[in-house]
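Two complexes, one shared chain (chain A), two partners (chain B, chain C).
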Partner chain A sequence: MKKLIMIISMAICLTLLNAVFPDGNELLKKIDDNMLSKTMKATYTMTVQTKRATRTMVSVNWSQGTEKGFSEYTAPAREKGTKMLKDGDNLWIYDPNTDRIIQISGNMLKQSVMGSDLSYEDFMEETTMQESYSALVTGEEIYQERDCWVLMLAAKKPDISYQTIKVFVDKERFLPLYEERYAKSGKLLKTTQVQEVMQVKDRWYPKQMLYKDALKEGKGTLFTIDKIEFDVKIPAYIFTKASLKK
Partner chain B sequence: MFKFLIKGLLRDRSRSIFPILVVIVGVLITVYFVAFMNGFVESMIKQNANLDTGHVKVVTRAYAEVISQKPFDLSLLDITDDMQQWKTRYPQLEWAPRITFGALLDVPDSTGSTLVQGEVAGMAVDLFSSSKEIKRLRLTKALRKGSLPAKSGQVLVSEALFDKLNLKLGQRVTLISSTVFGAMTLRDFEISGTVTFGVQALDRGGVIADISDVRRMLDMQDGASEILGYFTNADYKDKTARNLALDFNKTYSDSTDEYSPIMLTLSQQNDLGAMLNLFDSSLAITLFIFVGLMSIVLWNSGLMNGIRRYGEFGVRLAMGEQKKHLYRWLVMEAAVIGFFGTVIGTGLGLLISMYLQVYGFDMSAYTQNSTLLYDNVIYAHITPSCYYIGFIPGLLAVIAGAMLSGISIYKRKTSQLFKELET
Partner chain C sequence: MVFKLAWKNIHGAGLRSIINVFIIALVMIGIIWMQGMYAGWMRMAERQSREWQNGDGRYTFRSYDKYDPFSWDKSNGKIPSELQSLVKNNEAVPILISQGSIYPDGRMISITVKGIPYNQKVLKLPTSELKDSKYNIPALIGMNMAKSSHLKLGDVLTMRWRDIHGAFNAADIEIVKIMDTPEMEVDNGQVWIDLARLQTMKDAEGKATLIVLKNSKDISFTSADWRFQSIDDLLIDLHNIMKVERAQALIMYAILLFLAMIAIFDTQVLAVFKRRKEIGTFAALGMTKREIIRMFTVEGMMYAMLASVASGILGLPLFIYYGTKGWKMPSSYESYGIAGLSDTIIFYYSPQMILSTIIIVILITTVVSWIPTLRIARLKPTDALRGRLS
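After this line comes the complex of A and B, so read on.
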């Protein structure tokens, strides 16, 4: 009898929850629609704030969906000319000092990109949020004076780096403003805070984000989008290994 | 009296031959053990100091906390001015900045793509501005193929790594690592030669490069993960080192700044302090055991001798010789045996030790999986203590044995003497 009461109570709670909160997976689709584009070209400034020093790097980036990406570092002098190519499951890095193209694989994927709080694995995410996670809206929060839904994302596959993600999503702009990424064990691995947003045509996009690797000391990596264009025409050669040495 | 005593010992050899043999063997082992341990400890101190610990070592406080991981991202940076101050304040020390780092050694094929990769433990030392580091690491002796790096961009690799990755002399390889700030970094090097240190812990996969190349690679200009200090007289004295470290840390170390320098002595690293204490006590323990064991053997031998000389003692007592005089006589006999046994045992022990001081003892078969830094060939070292240390077990044991077995003299009853002699 007790069990029956519990099941009925849970069913009522879930029904009420669904009635109050939107469907998590639909929300995820709206986030994907806002954040993803067919192609994109952007200039980023990445400021890595370690305990000992702050270093700023500038890169020009091209991407095609979530499958292909190409980055070229233009500053500072030490990093200038370093290029990265992502094509599906493969990631290559070109080092101008050695004129070598090295494929990043295995444990190397867990290494930090240019000393930042992002790993190569973070760059390798090649599926949409909808494809990777199932979502449940668990509440509401006000974050940076914006009304947000609180989403709990659960990975659909065991090989996804972050098995659980807690996201605060802007209710109107469908823009994730804050994320906590957890390992399978429940350990917090990374946080992302959007500090500034911008409107590009009809979509809202982060202008400045702070990535923080919870396992690293330091103040995190500030990621600023200086310039961004969506759905631009990108020559096909950009996403080839030959372009790394050009 | 001594002449008479020695005559007795020489004429009745069954009285002296067994005890003297026991003393010779015991003293020989003791002298050899002391000389071998001296050599082993000295080799360990020298090898550890030269390869890893220095007589003292300066690192950041944060690095010191996890020193076994050798985290070069916690290295000392911008050290030139600091080192200048240290040189002035501590003229008795020579300084050697080093960087230890982990990397992937990537071998390209003809198209520049990865052919084979292997994990390496890198060590960056000053190869060009002075030859001291080359001497400390005995690189000239350790060189197996090719030559030492003669210019920037050249590296030495361990013979084992060279064979494992099928490398060639003059071949260009890329070292892939992280900079001190955590960014991936690549640098091309040319293999100038191969080395074998004779130390398993280092021979598994080592790469040695000049510190200036590695500083550029790891983005740590003017930095070092460890700065090793060596006493100019090359002699490590733990107390002196500890006092120096105390002064250094009081002057230059700031407990609130995790990147401020801190000095560690050799004995404060790699559990070497505990090991040195252990070796010190092992010598005392060994001497104690030898004295104990030899005393028991000689006690037994004394008793046997006592039975054999039962009649002699009885007659001497009957002739009016006092028991205490007979007892002292036996002890003196033992002392003479002990003295000569010790002299012969020490001589033989020194001879064996001298042989091992020149030719050494190859321990490589016993150190396959060792991570300790010591030579695979251990050379004995004869110190002044080797000349007198044998007298402790040699005399003590033989006298103790005689004193124990001689007690039976006091139990002897002269009233039963003739009855005994009749039988």
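After this line comes the complex of A and C, so read on.
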């Protein structure tokens, strides 16, 4: 009897939730529409703030859909000329000091980029949220003076790095402002805080984000978008290995 | 007669002979001592490797490459049914290997996570400690690992890993035992937890990367997924290190022998010069040049033979001391991670090694003694009788 009451209560709660909150997967579609583009060119400044030191790196990045990406570091002098090309699951890194191209593939993509709190996957990734996750709106919050929906994302496939993600999404702009990425066990692993936003034509985009490994000490990695252009024409040679040595 | 004369001459030479014998004996002691050390090191490293890591050989999942941690999540498979009875009877132990990270005090340290059944009896690892922990995952680490990562008994820290599909997982582990192991490969950067627990954590039920055998003699199992590695295959790195070490030691032996042989050579040159009248007399009495040369050569050879006896007497206390008490290597050597260097090396002197050393030294001494006597072949008996060297 108790079980029956519980099931009925849960069903009522879920129905009420659905009635009050929008459909999570619809929200994911809107987030994807806002965040993704056919092509993109951007200049990023990445500041890695470890316990002992702070390092700042500047890179110019090109991407095409979710499959292809190309980055070139322009500062500091030590990293200048380092280039990365992503094509599907493969990543090639060009080191100007040794004048060599190194291929990194598969699991290596899950490693940290330049000692930051971001993995190569996080950095190069532009996968659609809809493809990877199913979402449920679980509540509302005010984050940085903006009204947000609280979304709980559950991975659709077992090979997705973070099986659960909690996201605060701006109700009007459909921009994720805060993310918590969890391990399968439910332990918090990473957080992403959008600290500043910008409007690029008709879309809202993060200007400055703080990525933080929740298990590690340190202030995290600050990621600033200095310049961004969507749906720009990118020459095909950019996404070839030949462009790494150019 | 040649031996008798040679012995008389050695005896007559007095202090010079004693010094020659003493020098050769010292060289022999040095060579045997060093060879004893290498043999002892090798034996100990082999024993430690068997006891702590490799058993009597193992089955390794074919795609496993210990130097490529990024491939480990795909380098495991179901324990073959043919080997399961061995595992059940504690005749084999399955080990699952994974890459992971631990976060002591907010520092990230990359580690190798190894799952081993807590009730195994094949390896010396104190795995019984992995059975229970009330709230956390019980973990076993080595002393070196504890030292390098500043961990102590009872510490609770977060460990992060990926399951075999690639999804992140994390949980708190508790250090329930810090083991004192001489085998650096089971210590440095390693965290051991119960196999069943790791299999669940990685979503790899029933899977293993290695299956270590207690005795490989009667096992003939073959499989496309698993390759058998004998203890010799597994110790190939150690054998290679030993080859290099022995090659370096050979240079040392050569230098020691060279110094000793200079003394012998010098003695022989002097003997031929000082005893030219005696050579002439022997020739006049009917001894052939060959017999005279043989007499001088035998003298040299007898130095080496006497030195063998002397090295036995003089070196015995040293050999016994290092053969029983051993030689504790400086603690800084432990960080090299070379098998056998973290414990006291008990020297081992095989009869074969002692005999071969003695024979080689005698042969070289004989050759070195013979070379100066070649002048006798050019000597005219009349000149020799007059004390001249032609």
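Simple rule for what comes next: the second predicted complex is superposed on the first by the 237 of 246 C-alpha atoms of A that agree within 3 Å, B and C clash if a C-alpha of one lies under 4 Å from a C-alpha of the other, contacts with A are read in each partner's own complex, and residues count from 1 in each chain.
To be clear about the criterion, a residue touches a chain if its C-beta (ideal position, glycine included) is under 8 Å from a C-beta of that chain, and two chains touch if they have at least 3 such contacts.
This is a predicted model, so every value here is computed, not measured.
Enquirer: After the match on chain A, would you call chain B and chain C a fit or a clash?
Expert: clash
Enquirer: Is A:Gln103 touching the first partner chain B, the second partner chain C, both, or neither of them?
Expert: first
Enquirer: Applying the document's definition of touch, where does A:Ala155 land relative to chain B and chain C: first, second, both, or neither?
Expert: A:Ala155: touches chain C, not chain B.
Enquirer: Mind working out whether A:Leu189 is in touch with chain B, chain C, both or neither, as first, second, both or neither?
Expert: Second partner only, chain C.
Enquirer: Contact-wise, after the overlay, does A:Gln163 reach chain B, chain C, both or neither (first, second, both, neither)?
Expert: The answer is second: A:Gln163 touches chain C but not chain B.
Enquirer: With both complexes overlaid on chain A, does A:Leu215 touch chain B (first), chain C (second), both or neither?
Expert: second
Enquirer: Could you say whether A:Ala53 touches chain B, chain C, both of them, or neither, answering first, second, both or neither?
Expert: Once the two structures are laid over each other on A, A:Ala53 reaches chain B alone.
Enquirer: Determine, for the stretches 38-46, 92-100, 182-190 or 254-262 of chain B, which one clashes with chain C when the structures are superposed.
Expert: 38-46
Enquirer: Where on chain A do chain B and chain C both make contact?
Expert: The overlap between the chain B and chain C interfaces on chain A comprises residues 108.
Enquirer: Considering only the defined contacts, which chain B positions touch chain A in the complex?
Expert: 77, 104, 106, 108, 112-114, 174, 176, 178-184, 186-188, 219, 259
Enquirer: What residues of chain C sit close enough to touch chain A in their complex?
Expert: Residue list for chain C touching chain A: 70-71, 73, 101, 103, 105-108, 158, 160, 162-163, 165-171, 203.
Enquirer: Residues of chain A touching chain C in their complex?
Expert: Residues 51, 106-108, 110, 155, 157-163, 183-185, 187, 189, 213, 215-218 of chain A touch chain C in their complex.
Enquirer: Mind listing the chain A positions that touch chain B in their complex?
Expert: Where chain A meets chain B, its residues are 48, 50, 52-53, 55, 78-79, 93, 95, 97-103, 108, 111-116.
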